[in-house]
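As written, the chains take the letters A, B, C and D, and residue 1 is the first residue of each chain.
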Amino acid sequence: MWQFFHKLGSPKWFYGIAGRFMPWLLGIGLLLALSGIVWGLGFAPKDYLQGNSYRIIFIHVPTAFLAQSVYLMMAVAGVVTLVWKMKLADVFVKAVAPVGAALTFLALFTGAVWGQPTWGTWWIWDARLTSMLILLFLYLGVMALGSAIADEKSAARAVAVLVLVGVVNIPIIKYSVNWWNTLHQPATFKLTEKPTMPPEMWVPLLLVVVGLYLWFGWIALYRMQTEVLRRERRSRWVQDLMHPGGRSDVSSGGARADGV
Amino acid sequence: MAFDSLNALIVMEGHGPYVWTCYGVFFLLLGVLVWWSLRERRQLVREQKQLQQQKTEASPLQAGSTAGSFQRINTSRQ
Amino acid sequence: MGKQESVVPAGLPILDPVAESPGVLRAMLALLRRDLRLSIRQKQDLLNPLLFFAMVVALFPLGVSPEASFLREAGTGILWVGALLATLLSLDHLFRFDFEDGTLEQMALQPQPLFLLVLAKTLAHWLVTGLPLVLLTPVLGLMLYLDGNSVAVLCLTLLIGTPVLSLIGSVGAALTVGLRAGGVLLSLLIIPLYIPVLIFGTGTVMAAGDGADVSGHLALMAAMLVLALVLAPFAAAAALKISLSAS
Amino acid sequence: MTEPLLQADHLLKAECLECERDGRFLFRDLSFSIVPGTLTRVEGPNGSGKTTLLRILAGLNDNWSGQVLWRGRPRHRQWESVRRNLLYLGHRPGIKALLTPLENLQALAAGRQAVTNRILEQALAQVGLGPWCHVPCQNLSAGQKRRVALARLLFADEPLWLLDEAFTALDVDAVAAVENLLLDQVRRGGAVVMTTHHEPSLRNMNRIRLGTVIEQGEPSSQLQQEDA
């Protein structure tokens, strides 16, 4: 177990093993997500209440779902950074924060566009949308803090503390926003709550969710590889890898790139 | 197929613009994210390769001891 | 390396490591007293958040509408947001001056647990900013045509809420203390975390305005205070150590 | 009350210290011990990590690896005792401009040792600040502020002193007086670790020599300890 941990902390080892996983993650992820999207757009039946606008669900729910889990993953990595000082954990947080912010923005955007045909307005202070908006603020705060601190190690640890404080707050924020929502508005029907969803609807949704997770795995590993290369650029193995006219193609991050 | 024709798929009974905007922005943003990540990597690799090539040539910034000589530099000389 | 023969000069005792240090409470009180004394010497810093609070509140009748019906409805929110912003404004100074003159690192080197010292500093901050804001609220509440009952509940929620603002803010202040553009960044980090406090603060006053029993709401706010009291000093102490490591 | 006599022969022991900044090592494999009754000077050019090393020893900097032992045991099990027994004076003297010298000393001593105002006033008088005891420090010169900070050394009971550029802004007489203070501390069985650009006229100094900034993978800075 400890040896595994130690190995996981080794950037060189990580670079190689990540390269082996990435093609699979990208391939299967794209396959699942695209087939789910095609199914959802063209073949799933129309919703009897909302008509065809509900087809936004096939990207709205996966992005919202993933955006929230990415923050949780960052919090776990934050604990690892603070407790075990594992380098890869803070590489993960740094690499993944922009991706999480982009996904949150997508969830917000799709929710807003969906609101127009459903509620007749572009923005509605619905509990879920509001929570997502706050989540976006949290992501942007994490990114701002990370780039404001020059010293890499201090930046990583400061960001870890902020992410943890944020994650303690998220349930409180969700609860308070829900409560606030009932206080200010009569209950309308929610965007995504369906009493019963036929399999022709939820199977493609599930496909997109799983596909997007795998795609996230790919982009997270790719961005982590870049960050590892950047941090280790003075070390022997990176210099060998980058040797002018070297045999490897580093840009693809492929498994053959290193011969580890 | 839930739609009779390609046209019906695009129009989606009037909801087409909303749905297609969402999907468009979805693919655009994720595409930009991927492109940006790839570019970051390419830039890093290029810079690093250049750096390693230059390393053999001495640069005035690297030369000299850290103590420094504090000699005045004659700026009028061409 | 060899040990040197030490010749102890007459009249001086041999130095041995000390086992005892002054009690935690004593150290906290000393810190509290020092910070309060500093605030009194720098009276302008004491007044600034209050002035800011009053001015922000005055902007709403001028900018939106001076009509009693609007102000009565929006008054709670205006006062809460004003208090929140005023607290935020003052937070940047919580650790910054101490960081710049080196007293912060001396505090981190005290034998007492750092999180308790942070707690003492946060308490001092609340006493000189949060509490005066609460005391000023009734006056501004009357200017916004709030009725007596609402003002009383409002003051009560602020009394419970402003310490939470100070506590959560101490984490942000500790994270940004070594940064040049710390002030704006601090606001960006902290505002999202303030939202639950704001929601429950204003919600409680509104519920009271509708004639509901608000003891449950107040208990919930008190629970938030307890949670912040337990967790925030730890996070702020950890953040301070990180900021000191970077300097 | 004091603890039983030293359990280890050293106060502080550093093993394989390594500190990296911006991808470069400030120092690597740095090992030394600080023994009671010794004075150690950390030497090196600007940017070689002298202040960083002192802050690591004080426990103010966490960005390093290796091990630091306090009297034979890891520090993280006994932070209270470690902090109680070391006195650190940094670049920034820790003096509040709005407080008077006396109030400053009171605040600094409050968490450490019980001292009466009489002792503090006496200390201030002995660093030449008697008349300024009740004047806010913002009205004092840089050298006078430094003297306020150094007044702590007159009554401090900490065995280990870590002094970063303690002689900055001091006049010649004050420098000589502080040197005497350090000698007293050493004779009493305490230890001093200091950085200074001023060559102190002290004998029997150990030296920790930090090299220039080094690239990863190259030999590290050297440690020289000598009993001159």
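As a working rule, a residue touches a chain if its C-beta (ideal position, glycine included) is under 8 Å from a C-beta of that chain, and two chains touch if they have at least 3 such contacts.
Not measured: the values here are computed from a predicted model.
Q: Most central chain by CA mean?
A: Taking the mean of all protein C-alpha atoms as reference, the closest chain is C.
Q: Determine which of the two chain pairs, A-D or A-B, is joined by the larger number of C-beta pairs in contact.
A: The greater number of contacts lies at A-B.
Q: With centres defined as the mean C-alpha position, give me the subunit A-subunit D separation in Å.
A: That pair's centroid distance is 47 Å.
Q: Roughly how many whole angstrom separate the Cα centroids of subunit A and subunit B?
A: 20
Q: How many Å are there between the centre of subunit B and the centre of subunit C, using C-alpha atoms for each centre?
A: Comparing mean C-alpha positions, subunit C is 41 Å from subunit B.
Q: Of all the residues in subunit B, which ones touch at least 2 other chains?
A: none
Q: Going by the touch rule set out above, which residues of subunit C reach two or more other chains?
A: Within subunit C, residues 242, 245-246 contact more than one other chain.
Q: Which residues does subunit D have that touch at least 2 chains other than itself?
A: If we look for residues of subunit D contacting two or more partner chains, we find 62-63.
Q: Once bound in the complex, which stretches of subunit C touch subunit D?
A: Contacts found on subunit C: 1-4, 6-9, 12-22, 26-27, 30-31, 34, 37-38, 41-42, 100-103, 105-113, 117, 241-242, 244-246.
Q: Quick one: which bits of subunit A touch subunit B in the complex? Just the residue numbers, please.
A: Contact set of subunit A toward subunit B: 37, 41-46, 51-53, 55-56, 59-60, 63, 98-99, 102, 105-106, 109-110, 113-114, 116-117, 215, 219, 222-223, 225-226, 229-230, 233, 238-239, 242-244, 250-251, 253.
Q: What residues on subunit B touch subunit A, complex-wise?
A: Residue positions touching the partner: 1-3, 9, 12-16, 18-19, 21-23, 25-26, 29-30, 33-34, 37-38, 40-42, 44-45, 48-49, 52-53.
Q: What part of subunit D is in contact with subunit A in the complex they form?
A: Within the complex, subunit D contacts subunit A at residues 21-24, 62-63, 215-217.
Q: Where on subunit C is subunit A touching in the complex?
A: Residues in contact with subunit A: 168, 171, 175-176, 178-179, 181, 185, 188-189, 191-193, 195-196, 199-200, 203, 206-207, 224, 231, 235, 238-239, 242-243, 245-246.
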